[in-house]
Amino acid sequence: MKGASQNPTERGLALYRSMARIRAFEDAAEEASKGGVSAFGAALSQDVMVRGPLHLSTGQEAVPAGVCANLFRTDMITSTHRGHGHTLAKGASMEKMMCELFGRATGFNGGKGGSMHIADFSVGMLGANGVVAAGIPIAVGAAHAVRIRSGKEIVACFFGDGAINRGPFLEGLNWAAIHKLPLLFVCEDNRWSATTATSAMTAGPGALARAQSVGVDGLAVDGNDVFAVDAAAGSLLATIRAGGGPKFLHAVTYRFKGHVSVDPATYRDGQEVARALENDPMPFAEAKIGAIEAKRIRDEAHAEVKRVVEVATAAPWPKSDSAYTDIQDTGAGRWLA
Amino acid sequence: MKGASQNPTERGLALYRSMARIRAFEDAAEEASKGGVSAFGAALSQDVMVRGPLHLSTGQEAVPAGVCANLFRTDMITSTHRGHGHTLAKGASMEKMMCELFGRATGFNGGKGGSMHIADFSVGMLGANGVVAAGIPIAVGAAHAVRIRSGKEIVACFFGDGAINRGPFLEGLNWAAIHKLPLLFVCEDNRWSATTATSAMTAGPGALARAQSVGVDGLAVDGNDVFAVDAAAGSLLATIRAGGGPKFLHAVTYRFKGHVSVDPATYRDGQEVARALENDPMPFAEAKIGAIEAKRIRDEAHAEVKRVVEVATAAPWPKSDSAYTDIQDTGAGRWLA
Amino acid sequence: MARLNYAQAACSGLEQAMTADPRVIAMGEDVGRGGIFGQYRGLLQKFGPQRVIDTPISESTIMGAAVGMALAGLKPVVEMRVVDFALCAMDEIVNQAAKARYMFGGQGRVGLVARMPGGIWSGSAAQHSQSLEAWFAHIPGLVVVAPGTPQDNHGLLAASIACGDPVIYLEHKELWGVEGEVGSEKVELGKAKLLRSGKDLTLVTWSRTVGAALEAAQKAESIGRSVEVLDLRTIWPWDRDAVLDSSRRTGRLLVVHEAVRSAGFGAEIAAEVAETLGVRVKRLGGPRIPVGYSRPLEEEARLSAAGIFEAITAFQ
Amino acid sequence: MARLNYAQAACSGLEQAMTADPRVIAMGEDVGRGGIFGQYRGLLQKFGPQRVIDTPISESTIMGAAVGMALAGLKPVVEMRVVDFALCAMDEIVNQAAKARYMFGGQGRVGLVARMPGGIWSGSAAQHSQSLEAWFAHIPGLVVVAPGTPQDNHGLLAASIACGDPVIYLEHKELWGVEGEVGSEKVELGKAKLLRSGKDLTLVTWSRTVGAALEAAQKAESIGRSVEVLDLRTIWPWDRDAVLDSSRRTGRLLVVHEAVRSAGFGAEIAAEVAETLGVRVKRLGGPRIPVGYSRPLEEEARLSAAGIFEAITAFQ
């Protein structure tokens, strides 16, 4: 989150810390989710901590870390089904997120949403989304609201490479450009859409060209280089904040894990995966900030996540009555007779 | 329709005839629709011949005429809410179309569809559509079917300038490009979307650039010059037929009338309209084929449309029982008790 | 009190809401020119393009942006033109607008009004004539409103904007020109209106069908059948108490709606009353056919006062 | 006869259809790798990428292209992944697939099967757990199928591909791993299956709820209540005759479905039976809430054998 020192060393450490916390969180969540999804016809184990499809952003940490380092707390973001990294990087509590994944009353969503709907409005995180590309129009609306009340906030909208083939991508970018909304579109390109190589399903010169064709200019960046992401996002956001209208950031990275945590991802070529693992954004950043500091930060992150898992494990379950709240004020109720 | 002589003079006459028949049809349909729509809160006159919203393509004749001159009868098209021109140019019977607009049993759709759903499968006209951009995915599917059965047909997909802001535009073009489908996209740009100037709602460098950004190349052309449209469509279609994949034609023209026949279009600038009327595609083409031939062709068209209106006026109404047919085979019926 | 038509009544309700609360904005295709039914006439002139927003033909994003605006604190009134085109925004309505508040555990609310004129529209055929209130009533999170008079269109629109929930607001495509007296009295969501008292049969209906139902009830009076007529007005939450109360008194319930009868909202009402009271129930609705273009076909899809009268008399 | 799970049973039904008729093709996201539930496993290897087509994440165009393919003579089987994402293709389903044949006056038919797994999916929360059969039943032109067993998933998929109408095919997200004997006998669309005879009460249900209903019926037997259980299997057209017949004999109808009770398809069945026979009817369905993520919340949205048993015993 912005407000971190602009001192280059401190900024580097802050970026690395942001990434390390995401990595530690994802590893712990992955562990806690084993057996927790009934995709691919597998049965669901009853005593698993994290139930349901868990989409890990392991390997992609540099994108949220680099982008959100340029956002103020009052700025807003929208996210995807793979939203833990965005949420943490935006400054949300790791503990409340883990509690949510564990389905506890103390989670951000009181257990109502889980990983795919994780949200923390207190830091402007307007929600993960289970529907590919659905966050785009929502981000457009949030940015439009800012414009209407002459606010100073900007909105960052994260989505995957698969999302650029859905209609709302076109509609949302066009809308943002017409109204010159304060909006950064971030295409987090991990090269896969579930079990499908996105390249095979995507025609034309790429995400940035598509954005430009509807009047949204931007930059392409190595999404595994957190410093490059930071710099690119910083320059685009400076333009946006100065009233330059929406911009686009295309960040190429890689999904280290399967589509969901229990997916062995056997459909991927071993060499491709091996090459991608060599581009792990963590050691890359470590090389710049030094091994000693990096280890200290990682250890802190591990300690934090360990504590957080303990808290989440001990946290109370939501009361079943709460299943009936937060639906609507007019016409609420169970309506069972 | 293709198959017309390639002799330049004869081709010119055929193009002009195609346009003249559309113009005559639209004028007659307009006349027959007076009082026939309840848009804008107006009441619907009971004895009007053509009921409901009637979208006239008056002034836009050069686009369907020029494009369809390059299509075989077995080629297919999809159309829009403004589909009379496409239908006629593709070789459909004027009589059956007028009967349909008059709601008669002898119309193409037996009275079930009307203007917004006009279709003639016998000439490959797969239907007008009341939903903006909805014809795009349908055309994609039809072209994909051709590919699957290794057919030789191509599909031409007509849509308006407003449609390029709807999601299916992105999705459909991307799909067509991935599969290199035999498909010509035709953006019939009349500069207006209902009461809104499309330019105010459309960001970026334009329709063709959008198409190129998803891998569909093409041409922009003066949509009031039927010879230019013919030539451009001809060259694109030659590439498509040779296996070159989908192409895009951006044809700029103008909507002479209101959005629907009863719309006085007071929201348009008088000078803009006056300038556009000067670019009427009919006299433009007439200048090339000669006034005498042009008049003969127009007279023929008027005679034809006069006859057709008489036939439609005298044609039988559909039996009310037919309201219950053509729905579904499994689970058909009224289900009123 | 003023004599306004249904479109003007809504427009004045919206104007009042926009005047009272700067968070209320209106957006949709062609709203700048007053909307294609005149239901936004004059608002651009009064509130400017920042609050009366013309949009591209992008239904998904119109609705999705409205959700984002609402989450960011505005109260958008969004225009879908007709309910048939709202089908292009169904993810945004059902997966986003209706569920966001719940999924996020109460963080954020999606206070918006999605106007989507419904019903048969003369000569407009199958893609411009649907009635889908039953769909929206089935979706947790949504409020569903179907005003049948200028007064209700004025008052219910104001109440819908005020309520803070996502409201599906179904004006009828053939009521725009209907005139009536419109006053400033409040109309509460969830309350049916008793249009006519009777003791033999309870007739529940809404939207455009109210007129035909009243006509049929009048005619039934002349042959000695006393029909009570309720205009439901709000489809969700429906006024279960009023309907049960009346049905208990009359012992017979007839639900009448223009929507296709099969799996229409009449089924919910009839089933509920049959379950709860064990009284006799009947439903009259549209046949399960798309609406045809030609007049004789379109007529088959419509409900008439005569048809309703017949249903009343057949209900012994 | 072979022992197959629900996913394999559908896959083998599709394989047979594709072998028998070259016009049958399959398409959707990830189908090339067998589909995320394994319901297309092996088909790419057997039929190649021309007929087992991977698609971009473009639901509108997947469904719209299927309409175009069907109009051009193919018989597409298209995958929407889950019914919740089919909301992104609602215009294509409702305005195009369901209505094209009618609007065009019988020119062209839209024979396609749109597979969209429905129902609660453990730990998947509100955007992956909906049951929307009532929506589709309300739309003229559509056939709606909800197989509850491997055998039915095999036979009904074949029948759906064969029927030539647009079929909404609702597999249940939690039945994929369920095994059963699968033979080659045909399963007819529109025919309920009598799972259990009884004389005190008719219980009508479908899809995943069949299991819990049978369990509850068994338990009711032990306290002397004899419950007849019908698996509806096809939601539209529903087997009205079988339901009326059974209800007439038992004098009591209980409809049970996982979908939200309000405006669910149970309302149609209950209303119809109440109208036609005047017998007593009851409905049990999900509460009108989005499905929550956490187990205790999710449980509130589920139907259990115990809950069904209670509804049976309370129905005196």
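As written, the chains take the letters A, B, C and D, and residue 1 is the first residue of each chain.
Here is the rule we go by: contacts are C-beta pairs under 8 Å (C-beta built on N, C-alpha and C of every residue); 3 or more make two chains touch, one makes a residue touch a chain.
Just so it is clear, the model here is predicted, and its values are computed rather than measured.
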item	value
Grouping of chains that still touch (sans subunit A)	one piece
From subunit A, the most remote chain by mean C-alpha position	B
Approximate Å spacing (C-alpha centroids) for the pair subunit C, subunit D	30
CA centroid of subunit B to CA centroid of subunit C, Å	34
Computed distance of Cα centres, subunit B from subunit A, in Å	45
Distance from subunit D to subunit B - Cα centre to Cα centre, in angstrom	39
For subunit B, residues that touch 2 or more chains besides their own	107, 109, 111-113, 117, 129-131, 165-168, 171, 174, 178, 200-202, 327, 333
Set of subunit D residues in contact with two or more other chains	55-56, 58, 60, 84-85, 88, 91, 95, 102-103, 125-127, 140-141, 236, 262, 275, 288-290, 292
Contact set on subunit C toward subunit D in their complex	84-85, 87-88, 90-91, 94-95, 98-99, 102-103, 125-127, 130, 132, 134-135, 137-141, 236, 259-260, 262-268, 270-272, 274-275, 278, 280-283, 288-290, 292
Of subunit B, residues touching subunit D in the complex	76, 78, 107-113, 117, 119-122, 126-127, 129-131, 134, 136-149, 167-168, 171-172, 174-175, 178, 325-331, 333, 337
Residue ranges of subunit C touching subunit A (in the complex, touch as defined)	22, 25, 50-51, 53, 55-56, 58, 60-61, 63-74, 76, 91-92, 95-96, 100-108, 140-143, 163-166, 189-190, 236-237, 275-276
Complex contact set, residues of subunit B against subunit A	165-171, 173-174, 177-178, 200-205, 209-210, 212-216
Residue ranges of subunit C touching subunit B (in the complex, touch as defined)	5, 7, 29-30, 32-33, 36-38, 54-60, 84-85, 88, 121-128, 173-174, 176-177, 261-262, 285, 287-290, 292-297, 299-301
